[in-house]
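We call the chains A, B, C and D, going by the order they appear; numbering starts again at 1 in every chain.
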Amino acid sequence: MIVVMKAGASKKDKDEVLKRIKELGYKPHVIHGTTRDVIGAVGDERGKQVLQTLESMAGVESVVPILQPYKLASKEVKKEHSVIAISDTVKIGGNEIIVMAGPCSVESEKQIIETAQAVKDAGAQILRGGAFKPRTSPYSFQGMEEEGLKLLAKAREITGLPVVTEVINPETAELVAEYADILQIGARNAQNFALLKKVGQLGKPVLLKRGMSMTIQEFLMSAEYVMSEGNQKVILCERGIRTFETATRNTLDLSAIPVLKEKTHLPIVADPSHGTGHYHYVAPMAFAAVSAGADGLIIEVHPDPEHASSDGPQSLKPQKFADMMQRMKLVAEAVDRTL
Amino acid sequence: MIVVMKAGASKKDKDEVLKRIKELGYKPHVIHGTTRDVIGAVGDERGKQVLQTLESMAGVESVVPILQPYKLASKEVKKEHSVIAISDTVKIGGNEIIVMAGPCSVESEKQIIETAQAVKDAGAQILRGGAFKPRTSPYSFQGMEEEGLKLLAKAREITGLPVVTEVINPETAELVAEYADILQIGARNAQNFALLKKVGQLGKPVLLKRGMSMTIQEFLMSAEYVMSEGNQKVILCERGIRTFETATRNTLDLSAIPVLKEKTHLPIVADPSHGTGHYHYVAPMAFAAVSAGADGLIIEVHPDPEHASSDGPQSLKPQKFADMMQRMKLVAEAVDRTL
Amino acid sequence: MIVVMKAGASKKDKDEVLKRIKELGYKPHVIHGTTRDVIGAVGDERGKQVLQTLESMAGVESVVPILQPYKLASKEVKKEHSVIAISDTVKIGGNEIIVMAGPCSVESEKQIIETAQAVKDAGAQILRGGAFKPRTSPYSFQGMEEEGLKLLAKAREITGLPVVTEVINPETAELVAEYADILQIGARNAQNFALLKKVGQLGKPVLLKRGMSMTIQEFLMSAEYVMSEGNQKVILCERGIRTFETATRNTLDLSAIPVLKEKTHLPIVADPSHGTGHYHYVAPMAFAAVSAGADGLIIEVHPDPEHASSDGPQSLKPQKFADMMQRMKLVAEAVDRTL
Amino acid sequence: MIVVMKAGASKKDKDEVLKRIKELGYKPHVIHGTTRDVIGAVGDERGKQVLQTLESMAGVESVVPILQPYKLASKEVKKEHSVIAISDTVKIGGNEIIVMAGPCSVESEKQIIETAQAVKDAGAQILRGGAFKPRTSPYSFQGMEEEGLKLLAKAREITGLPVVTEVINPETAELVAEYADILQIGARNAQNFALLKKVGQLGKPVLLKRGMSMTIQEFLMSAEYVMSEGNQKVILCERGIRTFETATRNTLDLSAIPVLKEKTHLPIVADPSHGTGHYHYVAPMAFAAVSAGADGLIIEVHPDPEHASSDGPQSLKPQKFADMMQRMKLVAEAVDRTL
């Protein structure tokens, strides 16, 4: 933490700041500049947020944090990439690109099982499908709930594909965990700390989506919430951030992938369906994500998008998905990955 | 809902769209343009999200919503401003500007009671204070929890000020409702639909903060979640949105105030403390909010900001708060309000 | 400038950085941290951008600038507020709120003279009107050009109001300067450095609008461009930034006003017309701007907005403007200003 | 253009709107809805901005544009992709990926010629280098100007690589056009309409960078400015937009590539150097851009980034660039392109 003093700060101001830094258990270190002084506070970083209160003191211009506030998610704690086992055969974070595919919402037994079979045939390794749906409108379809979870389990039984589905409430998280192989935290709950702690306690792999206005640092802090409860199995998911551009539903921030690869050992997947909001942009952005270094993808596939209960416009039909997977193999190989 | 067809859409494409609009229970109405056709879908608006799936159909360029998706929050349903009673004497939404003030976190009996007394003396009508704190870092102070709620109740008993405090989890919402007069939903939970439904069921007045990347329309949809559970007592709070500017912690979007005044009957307050993140910008932005038409303010006040457990840099000392309140009376009068 | 070394940086890496800092003429100062070292570079700040290249060196994690890059615009160089004389009687930056009003575009002699008279009668001190118009579409009305400048001069002659109008091209800047009392730089040209240098050389007062995606620091750097050519008469104008919100044309960032008041001695005006894009939001945001500390306002007024060549939806009719000015006097007085 | 009437609009309001639509030369078409009426205005789209003024009329809630405002840049005017010839052998927009590489600024004869040779050897087809530099600070290096142009011409003579360099001022645009094969318009000048018209008149190929806060639609409107002057040789360049994320210098919006491919026939290149601001993110984002469908790339390469006059942190050393080009060939082939 670096405390920048104002140009005209008095000796008394500086002495007070030095005293307060020591009180908080840090060692102050003054650099006398040509126009102002700068004071470094040296010490263990955890809890350094407290130092931010120095901004209230007389003569202080700003307090600049130097260290990242996350620990367990950082490469300083664990240098090698984490590989997270989802089932006996499916692992995320290794050389193989993992594709999660399926409908936005589970709508019927026929729909989910047909889709599961289709995405499996095309090469997907995990089935996605929502049972509890967080919808912007209270009047929209809210999901099939436990009935939907049962259908997901049935689809898994038939196809062998592990299942990822969303948790939206600490009160129903355990129920979801009984059925799901991966617990998804949606973008709107990415800083729902009560829910993050809960899935941290449940111990199952977590697919954590980036919030729409979350910095990469905050994203890692949310992962840290899960990990600090003892659950290290966090898969990060870039799904688009909110910007001024309206041609796409969100702006898929693919540069987050190399940035995250540098800062954390956790695996990273991309969601080009929510990232763009239009099915015809999904394939190019999926290829781009893999080229940028993503460890996997999550993609919406629906047998009949015009009649989907949610997210029809961004869902691929099974044939389009299969075509995309063919091309994806080539793209993966071009960057030394397999699919 | 307006469906814009592509310039080269075939007759078959158009017929399919017309058929689907009818299937969904709407009446299609075609406008033949010079380069393309546009189809209006006329009918009851609720559930029109389903029409969005028409975007997946051949020949469709885009689907443009015309109506607002909220009902209960809209002025079309209720024309006069809602006035929400918090206690026998305190009402929000009338001519009087209501000021909620107090520390970010409840830290001790002495701290909360002294602050409550100070803000009351300066003219505040409601005491704010956090007991359950949603913090970005799992290693930061998470609040005094039930102990904090008890201290708030004690402060209320002594000063007579009603109390607003945050709920962060459906599992503890009832506990909070036992102590609080207003349940606050924080910005990070503004689209935590499970929590919104819960506070809708509890029936107590709700202070709903705008999410950091929420449009005004989405903000009203979150209010609609609470209201659709039967609780009409929602107070909206503009607390800053996330933009590229870093000189302030958030960008306080004061134009949201006249926009909301036009679209909804619900009262609107502003939070210049979180909106700016620096105590020296709080007073001018508080005056600006009242001038723009806000029905109230929520402001962080701490007797010793340099030693605060959270949000020290944006907290006013009691004397500064009292000075601000003096000036605020004049500003309120200039726009025909009282304080 | 603070250079943050990586946790695992070698002694050789650090020695290279120290050497390079000295080569560039700065004095390095090392702080040994618990997990990594931090190196301050002490010296004259101008040109410190060069230090940014240290980011390319082995072992360097990041380079954090400490000082503001502007000098002439800063309060460190000039503590007292600048008061800029526009005419014998009109001065911006003093206690009096200055209102610039008039149509977006000059359209005819009748239109500009009638409007000038109306805004003068309502209390405006300066006439605004565009002759060279920067339009998003090449097919939109591009302004009356020199003919428009002549009509502005005529309106000044009749009403005595000084005139502000936009320059959009270094090649026509001198022509505009022959007629105008204040040269306006529009938001889209806020980082058109060739144009900034040109108006810096012309010496007339400059109304510099903030670019749509400009940070406050970059805004001051654009002012610095004008000032570094010898022209200190720069008036800053907050006119809204681009965010994800679409209910308003831009997001008027009123917190920029207290921030700028703290960082610069230059006067600051606000433009609620462009900031909101809708005439019915103009008055509340104008009041808010004055309450937040603005030294003036620039407001679009048109006698017949439904037939305006540009910006009709955000223009006030003369009567609405006059009503607003009545109320504005009260708001100004509430914050110890006059109008 | 669709005019949405307010729920309570009177018959008189509607009649006035219908009358005004006809006055403006459009044919009104009313759709009677359940809660409000919607009026379509049918007719030639150019100049439809004028219809926006209907928003000022009584009873009007909003005016929703339906058609895109650009013509020459659109696929409706020209369906096949444009292929732009830069020299006898280099063409942009065909199957071959075109790479423009070189330093941010021309600094010396040795620097530019060595770099030109190195990027040519690695497979680049065009040399980039700035002679007139638009810098945020007036105190930063502003480029070698005409001397730099001469060095670029010399490098072209020696290597045979065509040259792209920036124009920043209409007054010096002709000078630049004497030396350059492609005229670059930088992000900060992307809505400098005077400059766009000028390069439209000069007739040379133009590399148009997207402004930092420009929507895709506005980007195409800037292309339209150049094209409406008679110059159809416009190459679009996605170089990152400004968002709240600070881990990268900008947010490279790769989804703009498939969106632009759908909307325009013009070729699109990506700039991962400015898009990310850090050399270690350049290669993954370059691969991603090609996978997403880019027709080319523009990349900063410098023999000695630690001593660069500008943009050192985001420049690749020649060896790293050569390694990247090796891998890029594989990525290009994976999406059926050549390099």
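To be clear about the criterion, contacts are C-beta pairs under 8 Å (C-beta built on N, C-alpha and C of every residue); 3 or more make two chains touch, one makes a residue touch a chain.
Just so it is clear, the model here is predicted, and its values are computed rather than measured.
Novice: When I count C-beta pairs in contact, which pair ends up with more: B-D or C-D?
Specialist: If we tally the C-beta pairs in contact for B-D and C-D, the bigger total goes to C-D.
Novice: From the C-alpha centres, identify the chain that is farthest from subunit C.
Specialist: A
Novice: Could you state the distance in Å from the CA-based centre of subunit A to that of subunit D?
Specialist: The answer is 31 Å.
Novice: Compute the distance, rounded to whole Å, between the mean C-alpha positions of subunit C and subunit D.
Specialist: A distance of 26 Å separates the two centres.
Novice: Roughly how far is subunit B from subunit D, centre to centre by C-alpha average, rounded to an integer in Å?
Specialist: About 38 Å separates the centre of subunit B from that of subunit D.
Novice: Which subunit C residues sit where two or more other chains touch them?
Specialist: As it turns out, subunit C has residues touching two or more other chains at 213, 242-244, 246.
Novice: Give every residue of subunit B touching subunit A within the complex, in rising order.
Specialist: 20, 46-47, 49-50, 52-57, 69, 134-140, 168-171, 188-189, 191-195, 197, 211-213, 218, 221, 224-225, 228, 242, 278-279, 305-308, 310, 312-313, 315
Novice: Of all residues in subunit A, which touch subunit D in the complex?
Specialist: Spelled out, the residues of subunit A in touch with subunit D are 213, 215-217, 241, 243-248, 251-259, 262, 275-276, 280-281, 284-285, 287-293, 327, 330-331, 333-335.
Novice: Inside the complex, what are the residues of subunit A that reach subunit C?
Specialist: 2, 4, 7, 29, 31-36, 38, 40, 42-45, 64, 66-67, 76, 242-244, 246
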